[in-house]
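The first chain written gets the first letter, and so on, giving A, B, C and D; residue counts start at 1 in each chain.
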Amino acid sequence: MNRKVNIAVIGTGRMGSVHVANLVRHIPQANLAAICDIRLEVAQAVAQDLGISRVEQNYHELLADPSIEAVLIATSTNTHARIIQDAAAAGKHIFCEKPLALELEDVDQALAAVENAHVKLQVGFNRRFDKSFQKVHEIVESGQIGNPCILRITNRDPELPAMEFLRVSGGMFLDMSIHDFDMARFQVGEVEEVYAIGNVLIEPGLNDFGDLDTTIITLKFANGAIGAIDNSRQAVYGYDQRLEVFCTEGTAQADNETETTIRKGNRDGFLAAKLPYFFMQRYAPCYIEEVRTFIECVRDDRPTPVTGRDGRMAVVIGHAAWKSFHEQRPVKITEFDA
Amino acid sequence: MNRKVNIAVIGTGRMGSVHVANLVRHIPQANLAAICDIRLEVAQAVAQDLGISRVEQNYHELLADPSIEAVLIATSTNTHARIIQDAAAAGKHIFCEKPLALELEDVDQALAAVENAHVKLQVGFNRRFDKSFQKVHEIVESGQIGNPCILRITNRDPELPAMEFLRVSGGMFLDMSIHDFDMARFQVGEVEEVYAIGNVLIEPGLNDFGDLDTTIITLKFANGAIGAIDNSRQAVYGYDQRLEVFCTEGTAQADNETETTIRKGNRDGFLAAKLPYFFMQRYAPCYIEEVRTFIECVRDDRPTPVTGRDGRMAVVIGHAAWKSFHEQRPVKITEFDA
Amino acid sequence: MNRKVNIAVIGTGRMGSVHVANLVRHIPQANLAAICDIRLEVAQAVAQDLGISRVEQNYHELLADPSIEAVLIATSTNTHARIIQDAAAAGKHIFCEKPLALELEDVDQALAAVENAHVKLQVGFNRRFDKSFQKVHEIVESGQIGNPCILRITNRDPELPAMEFLRVSGGMFLDMSIHDFDMARFQVGEVEEVYAIGNVLIEPGLNDFGDLDTTIITLKFANGAIGAIDNSRQAVYGYDQRLEVFCTEGTAQADNETETTIRKGNRDGFLAAKLPYFFMQRYAPCYIEEVRTFIECVRDDRPTPVTGRDGRMAVVIGHAAWKSFHEQRPVKITEFDA
Amino acid sequence: MNRKVNIAVIGTGRMGSVHVANLVRHIPQANLAAICDIRLEVAQAVAQDLGISRVEQNYHELLADPSIEAVLIATSTNTHARIIQDAAAAGKHIFCEKPLALELEDVDQALAAVENAHVKLQVGFNRRFDKSFQKVHEIVESGQIGNPCILRITNRDPELPAMEFLRVSGGMFLDMSIHDFDMARFQVGEVEEVYAIGNVLIEPGLNDFGDLDTTIITLKFANGAIGAIDNSRQAVYGYDQRLEVFCTEGTAQADNETETTIRKGNRDGFLAAKLPYFFMQRYAPCYIEEVRTFIECVRDDRPTPVTGRDGRMAVVIGHAAWKSFHEQRPVKITEFDA
C-alpha cells in the first residue's frame, strides 16, 4: 500500500517550518496539501521557499477539506488543545507538538475529543526517535543487561530562550524537563513519585516569575528503579544530551554527539569539538523520523508510537515536579491521577 | 546576486542520483534543468521519483541548450574526458566526478579543452568538504601547531565492490587511494615522491588482473614532511576514515564518526557502535556542500576550490604508486610530470 | 628539613596492610617504627613480608613510646574513636581511616580529644588525592569556568561486600556514600540539605537489616549549587567512579580509568576494556599520596588537608541521608548541627 | 619453589636505578645482592637511597661471586656485548637493556657466548610487557579477528634527548625505532623487507652527524601483512604510543594513556589531558614486569620471553632501515642475514 497521505501543517513558525521542509524534502510517503498560519505572511514566505501551492490563514478551512486526512499542529502551546478538539471533530488524524497543553484540564478535554472521534494522535516527543536513545531502549528492553536500577539524564540547553517565551513556557519542569519525563517513561516505565529542587544561578530575571534555570529531579519508578535528571538553561559548550540506564547486569549509555570528530593536541592537552549548538541541529533526523512514522501509521492504520496518554503523563509529571519544588517534599503521581 | 544557476546532470547511476536528489532538496541556489542517462529508463525513474520534468538520453541535447550554464558529470569514468571536452566546447561550466580519467593523456586533453574554453571545472573530491577534515586543514594552515611533519591517513572500505567494477576501476591506487592522494595534497601540499607496497589478503580473485586489497603508500612532500596512507578493501567494523597531521607544535586528528554514541557496559567491557556503513552515509553532507560550492562559484564567477590541476595530480600520484609497486622502488612525481 | 617522621600503624587488616606496604616502599619521608594488630599473627605475617622489626598486639605499647610521633589507625570502625582519644592523650599525631565513627557522639568525643591535645588529625578520604578529582577541584576553584551549578557523582562498586561486613557497616549512606559526601564538600562546598531515595534491587538479603543497594541522594549546597549522587553496590563492568562539576561558564568532568586502552573492532562494534576492578586498584596512588601528605604535614608542622571537621561533616550528611530516606522528606544539615 | 633469585645490577644510571628500585620494592622473588657502577659514587648514592649493602665499581667482582646467579646489565650500549660475554663465561643468567649492541658483529659474539655457556638471556624490550600491547597480541594471536593485514605503530617522544647522547645513540632507527621493530615482530611476526624515509624537521643540529628526527618505516612481513611505523623525536603533547593490528575480521587498537581522565568543557570545546610525559611514567609497570618475569624464568628454569634472537633481529631491522634510507630503496632482511 504505497498511497501518499494528504496532510496539512497548522502553524509555520520555528518548529512548523522545520516540519514543512521535512515533509517536502524527506517524507515521500506524505503529500503536503496545504500550510496555515494565523500570520498569513509567515506561511506565505514558507510556501514560496518550498514551492507549496496552498496557504491558509484560518485552519478551519483545512479541517473542512475532506481530502486532507491528517494535520500537524505546531502552533503556540496555548492553542494546541483547542485545535486538537477541532481537528478530531473534523475526523483528522493529528500530530501535535509537545506539550499538549500546560493545564491538565485542557489536555484531558483534547484527549477525550480524540478518543470520541477515533482519530490517531501522536505527540512530538522527537527524542524517542533518536537512534542512540532508541538503541538504549532496545538494549534495556531486551533484558540482556538485566533489570533497570538507575536512570540518569543530563539535559542542558546551550543558552536561555527569550524572556517573553519563558514567561509563558510553563517553566523549567513543563517546558524543558518534560522531554526528560517522557524519555524516563520511554526507557524505564511508569513514574510513581517525583522530587524536585532547583535554583536561579544564571539569569536573575527568572525570579520575577518564579522560574528556575538549574534543576535536579529525582524519580521513583513503578518497577523499583530510581532516577535523577539534571537540567540547565545554559551550557556554554553546547547542547548537552546524555542518558544512562544502569541495570543489574550492565549499563547502556548514550553520549553526546559533537560538531566534528577532530582533536587538536598541543602543550595544553587535547582540544575536542563543542557539542552541536541546539535541538535543531542535534535532533534534526528525529524531526523527520517522527513525522514519517506518524504518516505511515495513518497510511497503514497502525497505532502511533507516542500516544495521547504519553503526552498527558509528561505534563502530569511536570506538574508534580512544580508541586514538589513549591512544597519541598516528594510528590506522588497519584496526587494528580488517582 | 541571488539568481539560480541552471544545471543539468549527466549520468544518473549511483552517484549521479545522489547529486540529483541533493540538487532538488538541498541546493536552492541551483535550478536542475534536466537530467540525462544513456540508459533512458534509469534517468526516467530518477526523474519520476523527484519530480524532474526534463529527461534526455543524449547529453548533446543538453549541451545544445543555451539556457543550461553548467553540467554535473557522473557517468562511468571512461567517458569523463570526452564529455568534459564536449561540455567545454559548448561553454558549460563543469563539475566532474573523480577520477577525471584513468589515463593521463585523457586527463590532459580534457584540461586543455577546459582551459581553451575558459569554463570552470571542479572535480568531485568530496572529502575536502567534510567538516572534520576541513577543520584539520584550517588548524594546520593557520600555523598554530607549527609546520607539518607527518601525515597519516587510514582509509578502509567496509567491503569489496563487485568484481566487474574492480576490473575497470584502475585498481587500488587509482580508484581508492586517489581520494587520499588528493587529501594529502589538501592537507600538507605538493607530493614529490611515492613508494607503494601492497598485497592480496582478502580476495584472491584480484590476482587475476593484478589488483591489490591491502596497501600502504608513503609520501615525501615538497615542504619536507612525510606521510603514510594505509588502505584496505574490507574493514568488517565499518568504513574507517581517519586522518592526522602531526606538526612541530602539535597535532590535528580527525577520528571516525560512529553509527550511534552509545556504549553498552557489561562483564565483557564496553561495546561501542560500528562505523557508518559506507561513503554514502559517511560523506552525505559533503556531496551537498561540494555541489553547492560549485554552484555558487558559477553564480558569483569565483574560482572553484578543487581544480582540474587537483584532479590531474591525484591521477599522477596514482600512476606513480602503481609504478612504484611494480618496480619496487620509490618513484618521483617528476618522472611523470617533468 | 629532611628528617623522617616516626610512625606506627595500628590495625594491619586489608587497608592497614596497604598503608604498611606504602610506608615501606613509597614514602621515604616516614620511618615505620612498628605495626600493631590485636590479631598478633596478622601483624606478624605483614611484618615478615615487609621486613618490619617491631610488632605489637596492644597499641598502648606504641602510644607509650615517646619516639613515635604519629599513628595511622586502620582498625575496624567501631574502635576508631577510642584509639583516637588514646593517641591524642599520648600526644601522637593521627591519621585515621574513614569513617571516624558511625555515631556522632563518638566522633565528637574523638574530635574534642584531638583539639585538647593540639595534635594533628587527618581522615582517610583517599579520593581527595586522586589526580583527576584534584584537577577538577583546581579548575573549579580557579573560577575559570564560573560558579558551580550542578554536581554529579556516580559511585558504584563492582560487587557487594560480605554480608557480615554489611551488617555493621553503617549501611549505604554511611559506608559507601560517605566518600561522595566528602567529595561533594571538597568540590563544591558546604551542604545544607539532603534528600535520599533508594531500593534493594540486587541483594534481597539486605532487607533483613534495612540496608539498600541502589540509591540516589540530592544535595543543596550553601552557595546555591545543587547535586545528585548515584550509588550502587554492583556494577558488573567494574568500579564506576565518575564526577562532574557543571558551572556557569563550563564544566569539569572526571571519567573512569580503564584496565587497558585497547579497543577491539569487529562486526559487533568496538569493544573497550572494563573498569579497574575495585578501590585497591583504582585508588592505589591515592593511598600513597594521602599518607605522604600527612607525614609531611607532621614533619613541617602544617595543617592537614583533610581535617577532623571534614571527617565529621561526612558522617553528619550520612545520618541526614538515612533520616531523609526513613522520613521520606528533605533533611536540613542544621537538624543535626544547629 | 619459592626461593629468591640472587641478582646483581651492573650500571646504575637512569635505567639501572629504576631497575634497582623495582627489585627492592616490587620484586620479592629476587634478592638484590649487589649493585655496581664504574662511577662508584653514582652506585653508592643509589645504594644509600634504597638501603643496599653491597656496592662495587668493577663488575668482575660480582661475576666472581658464585652466590650471584644473574646480572642485569644497564650500562651504556657500547659495553653491553663485552659484559654479556664476561657474564656468560662466568655462568650468570643475563638481563640486558636494549639494544644488545649497535654493531651486528658485537651482537653475534655476545649471542655466541650466551649459547656456549647455556645461560639465559632476556633483552629489555619493556613494551612487550605493557598490558595494552599484550592484550592486542592476545587478540591477534587467538585468531578471533582473522589474519593480520596492516600494522600501524605511532611512536613519538615528547622531546629530544641531549645532543651528546644522540651522537652515540645509533640514530633514530637503532635507538628509537628499534622498540617498534621488536613490537612489530611481537605482534605480526618476522619482517622480510624494510623501506625507510625521514627528515630533519625539528633539530637542525642532527644534520651534523646524519641523524633524523622524523621518520616513517614500512615493513613487509613474511606472512604477507604490511606495516607502517611513524616516529618523531618531539611531540609537544606528550609521549605518543599507539598501535593497531588490522586484520581480515577486525582490528585491535591500543590508544594512548593520559595524565588524568578529566575534560574541561567551555566555549572553546572540551580540553582533555596531555599524555604521560615519557617512558619512565608511561611504561613504569613494564619495567617491573619484565624483570619479574626474568627472575621467575631463572628461578623455574624456563625460557625467557624476549630472547637473544629477538634482540638481534631488532638490530638487523634497524641496520636495514638505515641502509634503505641511505640507498633510497627497499632493503631485504636477507641482505643482512642470508
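In the analysis below, contacts are C-beta pairs under 8 Å (C-beta built on N, C-alpha and C of every residue); 3 or more make two chains touch, one makes a residue touch a chain.
What you see is a predicted model, and the numbers here were worked out from it, not measured in a lab.
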{"item": "Chains in simultaneous contact with chain B and chain C", "value": "A, D"}
{"item": "Chain pair with more C-beta contacts, A-C versus A-B", "value": "A-C"}
{"item": "Euclidean distance of C-alpha centroids - chain A vs chain C, Å", "value": "42"}
{"item": "Cα-centroid distance, chain A relative to chain B, in whole angstrom", "value": "39"}
{"item": "Chain B: positions in contact with at least two other chains", "value": "235-237, 249-251, 263, 265-267, 273"}
{"item": "Contact footprint of chain A on chain C as seen in their complex", "value": "147, 149-150, 152, 154, 156, 195, 197-199, 201-202, 214-216, 218, 220, 224-228, 230, 232, 234-237, 240, 246, 248-251, 328-330"}
{"item": "Residue ranges of chain B touching chain A (in the complex, touch as defined)", "value": "25-26, 28, 49, 131-132, 135-136, 139, 144-145, 249-257, 259-267, 273"}
{"item": "Chain B residues within the chain C interface of the complex", "value": "235-237, 263, 265-274"}
